[in-house]
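Take this structure, written in structure tokens, and hold onto it; I'll ask about it next.
A, B, C and D are the chain letters, set down in written order, and residue numbers restart from 1 in every chain.
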Amino acid sequence: MSEDAPEPWRTGITTYDDTHIWIHGYDVTEMMRETSFSAVIFLLHKGRLPHEGERRIIDAILIASADHGPGSPSAAAARTVATGNRRAPEAALAAGVLATGDAHGGAGLACIELIITALARINDSGATIADAARATVEDARREGRRLPGLGHRTHSTDPRTAVLFGLAEQYRLAGSGVQFMREMERAAARVIKPLPINVDGAIAAVLHDLGFPPVLGKLFFIMGRVAGLSAQVVEEYTRERPMRVRVPVAYDGPAPRPLPRLAKEEV
Amino acid sequence: MSEDAPEPWRTGITTYDDTHIWIHGYDVTEMMRETSFSAVIFLLHKGRLPHEGERRIIDAILIASADHGPGSPSAAAARTVATGNRRAPEAALAAGVLATGDAHGGAGLACIELIITALARINDSGATIADAARATVEDARREGRRLPGLGHRTHSTDPRTAVLFGLAEQYRLAGSGVQFMREMERAAARVIKPLPINVDGAIAAVLHDLGFPPVLGKLFFIMGRVAGLSAQVVEEYTRERPMRVRVPVAYDGPAPRPLPRLAKEEV
Amino acid sequence: MSEDAPEPWRTGITTYDDTHIWIHGYDVTEMMRETSFSAVIFLLHKGRLPHEGERRIIDAILIASADHGPGSPSAAAARTVATGNRRAPEAALAAGVLATGDAHGGAGLACIELIITALARINDSGATIADAARATVEDARREGRRLPGLGHRTHSTDPRTAVLFGLAEQYRLAGSGVQFMREMERAAARVIKPLPINVDGAIAAVLHDLGFPPVLGKLFFIMGRVAGLSAQVVEEYTRERPMRVRVPVAYDGPAPRPLPRLAKEEV
Amino acid sequence: MSEDAPEPWRTGITTYDDTHIWIHGYDVTEMMRETSFSAVIFLLHKGRLPHEGERRIIDAILIASADHGPGSPSAAAARTVATGNRRAPEAALAAGVLATGDAHGGAGLACIELIITALARINDSGATIADAARATVEDARREGRRLPGLGHRTHSTDPRTAVLFGLAEQYRLAGSGVQFMREMERAAARVIKPLPINVDGAIAAVLHDLGFPPVLGKLFFIMGRVAGLSAQVVEEYTRERPMRVRVPVAYDGPAPRPLPRLAKEEV
């Protein structure tokens, strides 16, 4: 009737005693004095503190993801919730986080998976990264699939890609992920149409080369975007009245009709 | 370093063994064969099965709350999340639930609290329900507060109120809550302007008279609305493409400007 | 800079005017008086009102999903959120909804997909349902995949399966989905081990035979479970103090260690 | 039947054209190269870039909030959702965000409100900050209210408080908020019992003195905590099997009992 006695929850990340908290062994108060939030984000996910170049790339990824105005699905969802729920900002932020799925902000995850799959093929076959990129593009075209990390609904060239790749190269941290995405952009331009590497693809390439698994492609986007969602929700509370969102609706269902006898008899 | 050994979580609602599940002592399989979902909702929150009139009122409350089209904040939030997140319908439903706060769907909670507070005054003072309603309206006008349960942004008379009150009266389940809301509507018409009892107010009055605490004013709305959110999300997945939501944006912040030296030096 | 002018959101479900709300053309107030919540849930997703047998199956599915005590991941998540957030019950309910993923409550979706895929094979090949079930089980065993809809972590025989199948047969609504699940249970017992059809599998079979698409396998679970989550959250608020949840933790990460010079220099 | 034509959503935060994104007028790519995530968080909420001391305090606040192990309600909720939902990390993160309410992580909001209210009294009356703190403590004791920002369930002295106050003083950014919290701690020790300023209270004091409104007391906690939730969810996916969470349950409701005739007749 009752559940089994619970086993302890194992963790290797954070522990504490009465007067300390340690993250991967480092005292939180020491880190508050001596390092930055982006360094601690790296630590939380890697188990070690970043070198300067790694930290600057993490900062750039989080800044690149932070905000894209109220029209992105995550901000629109957060502000729509805020308009009905003025007292629980956590509800609005959570709704914004939930909008980051496969279609919005989730391309990073899919793109790291794509890079890993494509590079695994190379290791097996002796092909070059350019071969793998071309094969990936051709498979996608044949199967009518979109390529994650390429193209953007509002930018013809995503301005954030060059900065991320530039930082990765400046600190000699660009590897096979960055190279693969560049080859894939080249192959797509030949085989499909010009599809510039978007910020999801750039983040994916750089995170892959820093050794992060696919799920971080989505999680870094969320960690950055939460900052923008927070600002969007405060703006909603400050500038707008409750229940202000108006959606233009076109109803095309059945016209009013009488309830059938059947339903009436069943009560 | 580790937490205290956990105490068992106490519950008086549901238990099970290898081949049974019981809710408040009733076998779930027997209820699946012999009763209705709305009866089990009543049971879950009251600890006993409903009489016919109670069950019909619960059904009516849940139907009244079920859907109001894609333009309500809850449905708009759910569909906005669905447009970015096509594979996790639970995320879209959760966002819709989160939009039910103080301004949307939360009036029921505030309204039951208002009824309880106002009726407590009567018990203390010997005033009538009409006196209490008038005092409540006058306090609200003086303090510039909106009265929960009165008025609606899209309906001049909420068509659902008469049905709920009619059912409550037909089964002799209308009590001081229904009476108070009617007196408050009357007082508001005299003191402020015609503000018909909306569905939140009607649900609040009836739930109060069934003996439910304020929080159920919001929870019944959510239980009903989840059905509409589910249908709205399926329609979004079925009829629309990903990322289709377009929000018309008017930017009125600072024009593009150079980054100050300060920020540059800090990296 | 601003988004495109938005197109109207199309919907065929619900519309309203100043004094009416119609769901698929039926007046909500008429349905409040004449029918039940489960009938309206059917209407919202099918576009027509249910026959008696269909309505009773929907009721049974929702009752079967309603609650399984505080130890299920959805209720545990809802109550954990409620312990930190005592004023926003919508937040606790949303967390419970979010716990219904692939591993918990999501088997219904996967199982309807499995049924559709397996039955499509039959149509192509002329094999029997028993052949398709056997092939499905053998594929799963070979690939080390779990079969959705079979087995349960706490019940050796799920008591809810027989009731659902009994109702479907009583109203002549059991079709190829129910038959397939029975054959799959039989094949699994021979090829793997006794794995009784669980409630997710039974719901999936019956929903398939009522003509619902896979996503409803998860959505009906959520619509039912929200009722239990609501009761669990009220119990948490009523009986327990804030922040009461204690998780037993075993830390196995690095011991306390000094911050490296590197991190210090970077501030 | 359809909603009104929607007005544009006004925003003063972020805008973009085909090749740029600007936050409060600053080019995002320039900020990716030249500044840090914490500086952009400050910018998003303040409309200007921070001075060095402000940025270091923001970093310290976010680090202080980042993680407290799997036993905090936010991490426990996130990991419980992750155990049922292995494919939507956004769902687990959202659940963790939702656990930050009044009782967990929400003290910052309440504490900034308390500081503002208490300091407003001073301005009106000519009392000192010490007077205001004493009055606040005495009111709380008399009314049996807890004081937000004082006391902690696991730390006798919160190690993070001294660091935050030290940074604020080092950069001459400590003002009336820090002073008020110190006086309140002193008054509480005399009037109630030793209740050290906890991290919520320290963050509240410092944010108040940086000019942030109360809601940021909760939002900064969430922005920091999302980093820890992300790491906790990845650890859950990596180290644990689905559905592993076991809650010890003690059922104390009614024993199994037959369904009353009433319920049977109503189907």
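One rule holds for everything that comes next: contacts are C-beta pairs under 8 Å (C-beta built on N, C-alpha and C of every residue); 3 or more make two chains touch, one makes a residue touch a chain.
Just so it is clear, the structure is predicted and the values come from calculations on it, not from any experiment.
Compared with chain B, the chain whose C-alpha mean position is the greatest distance off is A. The chain pair with more C-beta contacts between its two chains, of A-B and A-D, is A-D.
Here the CA centre of chain A is 22 Å from the CA centre of chain D.
Centre-to-centre separation of chain B and chain D, using mean CA positions: 26 Å.
Centre to centre, using the average C-alpha position, chain A and chain B are separated by 32 Å. Each of the following residues of chain C touches two or more other chains: 1-3, 6-16, 20, 31, 35-36, 69-71, 85, 87-88, 90-91, 94-95, 98, 100-101, 245-251, 267.
Viewed as a contact network, the protein chains are fully connected, with every chain touching every other. By the touch criterion stated above, chain C contacts chain B in their complex at residues 1-7, 9-16, 18-21, 23, 28-29, 31-33, 35-38, 40-41, 44-45, 58-60, 62-64, 66-71, 79, 88-91, 93-95, 97-98, 100-101, 154-157, 159-160, 162-164, 166-167, 213, 215-216, 218-219, 222-224, 226-228, 230-235, 237, 239-240, 245-251. On the side of chain D, the complex with chain B involves touching residues 3, 6-15, 20, 22, 24-27, 30-31, 34-36, 39, 47, 49, 51-52, 55, 71, 85, 87-88, 90-91, 94, 98, 247-257, 259-260, 262-264, 266-267.
Interface residues of chain A facing chain B in the complex, by the touch rule stated above, are 1-2, 6, 8, 15-17, 56, 69-71, 73-74, 76-77, 80-81, 83-88, 91-92, 94-95, 98-106, 153, 242-243, 245-247, 249, 251, 267.
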